[in-house]
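What follows is a pair of complexes built around subunit A, which joins subunit B in one and subunit C in the other.
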Partner chain A sequence: MNKILLILVLIFFFQGCDFKRDFKYVKISDNKKIKPRFEPLVKRYKEYWECMSKKDFDCSYRYEMPYQRFLHSLKWYKNFNTPNKKHYMIKLLDIKPVDKYTVVVKSAFVSADNKVNYMFHDRWYNVNNLWFHKMKVSILPFGENVE
Partner chain B sequence: MPTARAKRLVLTNLHVRRERMSLRRKIVSSAAALAIMGTALVAADNANTQIACDGTGDYLVFPVYAADENGNWKTNLKVVNTNTTHAVVAKVVIREHVNSAEKLDFPIFLSPGDVWEAELVAEGGKVYLNSTDDSMVVEGVPASTNPVHTPLFAPVAPQNNNYGYVEVYGVAAIKGENVVTGWKQNTPLDKVALYNKFKEDLDGKSNTADWEAVDADSIYGQEVIFASNQNGNLAMTLPALALEGVVGTAPVTTQVIGVNTDFNKMIATGDAATVLGNVAKLLAKSDIYATFYDDGNGNAAESKLVLTQPTKAYHGFDSTYYFQYNTTARDQEEHPNIKTTFFSGGQTKTLSISHESAWLNVETASYASGYTDYQITTNYLDPANADTGVPVPVIPVLMSAKNVNGTNVTNIVYPAYKKKD
Partner chain C sequence: MTRIILYITLLFVSFSYAVVLEIHPSKEINATDMESELWIGKVYKERGIKPTKKAAKKYIQENRVLANRYLKEYKVPKNLLIETELEIDEILARKYIENTQKRLTLGEDVLKSYYIAHQSEFVRPETVVYYPIQFDDFKTAYNFYSLHKDDSRFLDDYIRENGVKRYNVPKDRIYIAIKEMFKDVRPKTLLPPTFLGDKFVLFYVKDLLPKKELDYKEVKEKIKNRLFKKEFASRRKKLLEAAKGE
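On to the complex of A and B.
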């Protein structure tokens, strides 16, 4: 009886952790109401940017578009992203569908010291019911994440 | 054995002969110089337009600007008047990159030895010109008093204001004491007084008595394209390309405040079409060489080639006209990889460029380091490909970015090229 009770408590505990996963570096704009069909996207968006902001590139790599992971190895990805800033805040401002499988997400970047603040757009693609981020492969101007 | 007198005679004869030869050379040299001067006097100095080797000129082109919220890219522009006795009025023209459409133009009022500074930034889907510099006087009020935060004219498809290039024409020069009586060199000159003097005398009027042409060594420009974003703090500095002998030998009397910029009207003396043709010839290139570098992991670090054609729109061509090119990438052991086409949707496409300021990822052919030769094969100026050289009047710039010990380092240069007359 005690064992069953313990299992139930543990299940309850871990379920609670999952639902209340704390995203320290990602926020959703207060003005943005997420449509139910974009909830899976937002979940992965939060996970991706949390990894990126912590510079956990093993984690963020899994969210990048599969064909881009084929073109760019994890080694390349880590080398590309290593100079990145850390612990910046990403705020989701808007989601604009392009078609059934593609959205452009408008976000705000706020640096850890709160001195740099700008907006950007990136693309997410639905592949086999999972949303993937279009990998940023350019540092120079005219190379951002919008086609 | 020659006598001492005979020796003296020989020496005297030699001396006389040398003197005569020297005199003859002088006469020939003087005649040549007179001929050159005569030409210059007849056809004005813009009959001999040149790309300035010293970076100063009377016409500048900043070949690229970036003002993009994506990546937080901004561009800082500076125009310097190196002349410490003469104030200079110049006209700045901002053009977007697809069709060279004019997006903003305005005069700047540079006192002797002065610098004008401004930034192009993107905010809320628009690109703005920001300046707090007192050399920018708008309707009599300097930007130091009333900061300029002016949006570029909205783009009309397919235009794109986030990228483009900037021209600066020297309009007129004037001695400081002709603006403010008693002005002394190396002291500030009131820019509003300069603005008022310019409005009274020129800007569509012909009171040129106090004014001169901007000389070939008066102005230079420098830009910084920079960003602070997810990838770090990035910056690239480039001098403006300066040409001398473009605007002519008299001050420009065309109205420059509040009217669109027409090349013909910015050329004070000489034949504008000839000057434009000469500028195009000076910028004509048949090959552009883009070097690329190993990123430290066996791949080529990112590099981009921006090709700006500032004369294309003045010749009446928009982005429906294009030039074609081949690329030959070579590794450092001379192995070539030649491309004339690429695949798109299962079809081969010829490599071509239509945008007036085009951004290309440098074709590295999977080599980690080496260089790529961009060879121009046909162009809009010569659709029948009648000449074999097929030059395109273009200003190339080459950008690169590389992770150096955990920091992204960016760079921009004017790459090497082959000139074609």
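On to the complex of A and C.
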């Protein structure tokens, strides 16, 4: 009985709290002000890159476009991404809307040892009010992944 | 006389062969050297590429595994009697993969995400709706044109009563020889006679459909088919792995 009471009290105390995740490997550029309509996107973006940087591909796979998940199994995805570096830092630099459902996010990659640093763009799509990342399916550096 | 007997015998033999031919699951999965050579020749003839003997053997064997599974679950399609054994195996393997795909349920998010990422591909181009009215000689065609070119009500009745076939053709895909005529055309216009094939044709342009972005619901089925086509190779692999495991 006491235990139940304690749980109820704890629920009461913590119900208003927003348990914010700490993102160790994702940062937002200091001079980038996020528009309210892109806040859900930024949340997903941070979660995705945090998973990627930790090489937790089970987690990052869930953020990839649903049709791409149909075409590429988790097993393939893990094999494809395994050579990636670990614990790199991703910095969001800019969000460029393409249309109502599509944005191109400009980011910076900084390796864990701070030796490699480059900029890249990736696409995010709003599907049924949830933002998804367009998966890379080729290691070729030129152009976009066509799929 | 001998020739006639020979023809009749040949006819009888081929007829009996066609009747008695039945398709059973292959007991021998491994491909022979001769079969792989046959296959290499076929692929080279049709696609201009020469697979290695090893690849050909593997492909034939895999087809047999999948064809056997098809025969376990489904009836033999009726139109296969004229094919060779190797081709039958390939067709059945393909059908087995396609049937398995058809049983899959693609979630709304899968289809919608493809639509959103490829929206620019789902556009109906500017399209001309026309009816070609044909005449055997120029004089009749020209008289018809002169009399009715401004009478769209008559023309509407005429195409309905005479069952003139309707064509919906994207403006950029109109046959090059007559393309120029349709350049600035307006709806409900009868174009002057033009000689096409062996007829004099009057094109009655009934309507012009503007360029339009197609709705998700209109292309849902198309997306499903596209995804199945893209997924075909990996589905084949999965089914072969599943067959190996059994």
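Keep in mind that, in the parts below, the second predicted complex is superposed on the first by the 123 of 147 C-alpha atoms of A that agree within 3 Å, B and C clash if a C-alpha of one lies under 4 Å from a C-alpha of the other, contacts with A are read in each partner's own complex, and residues count from 1 in each chain.
In this text, a contact is a pair of C-beta atoms (placed from the backbone, for glycine too) under 8 Å apart; a residue touches a chain by one contact, two chains touch by 3 or more.
For clarity, every value in this text was computed on a predicted model and none was experimentally measured.
Enquirer: Go through the superposed model and pick first if A:111 touches only subunit B, second if only subunit C, both, or neither.
Expert: The answer is first: A:111 touches subunit B but not subunit C.
Enquirer: For A:119, is the partner it touches subunit B (first), subunit C (second), both, or none of the two (neither)?
Expert: first
Enquirer: Output check: A:83 vs subunit B and subunit C. Expected answer is one of first, second, both, neither. What do you get?
Expert: Only subunit B; A:83 stays clear of subunit C.
Enquirer: A:99 in the overlay: touching subunit B, subunit C, both, or neither? Say first, second, both or neither.
Expert: A:99: touches subunit C, not subunit B.
Enquirer: Would you mind checking which one, subunit B or subunit C, touches more residues on subunit A?
Expert: B
Enquirer: Considering only touches as defined above, state whether A:75 meets subunit B (first), subunit C (second), both or neither.
Expert: In the superposed model, A:75 contacts subunit B only, not subunit C.
Enquirer: Classify the contacts of A:138 with the two partner chains as first (subunit B alone), second (subunit C alone), both, or neither.
Expert: Once the two structures are laid over each other on A, A:138 reaches subunit B alone.
Enquirer: Does subunit B (first) or subunit C (second) touch A:29, or do both, or does neither?
Expert: So A:29 meets neither subunit B nor subunit C here.
Enquirer: After overlaying the two complexes on chain A, where does the subunit B footprint on subunit A coincide with the subunit C footprint?
Expert: 76
Enquirer: Under the stated contact criterion, what part of subunit A meets subunit C in this complex?
Expert: 65-73, 76, 99, 101-102, 123, 125-128, 132, 134, 147
Enquirer: Across the complex, what residues on subunit A touch subunit B?
Expert: Per the stated touch rule, the residues are 52, 75-76, 79-80, 82-85, 88, 109, 111, 116, 118-121, 136-146.
Enquirer: Hey, which residues of subunit C end up touching subunit A in the complex?
Expert: 106-114, 116-117, 119, 227, 230-231, 234
Enquirer: Over in the complex, which subunit B residues touch subunit A? Could you list them?
Expert: So the residues of subunit B in touch with subunit A come to 66, 68-73, 163, 225, 227-232, 234, 295-297, 299, 302-304, 359, 361, 399-401, 403, 406-408, 410.
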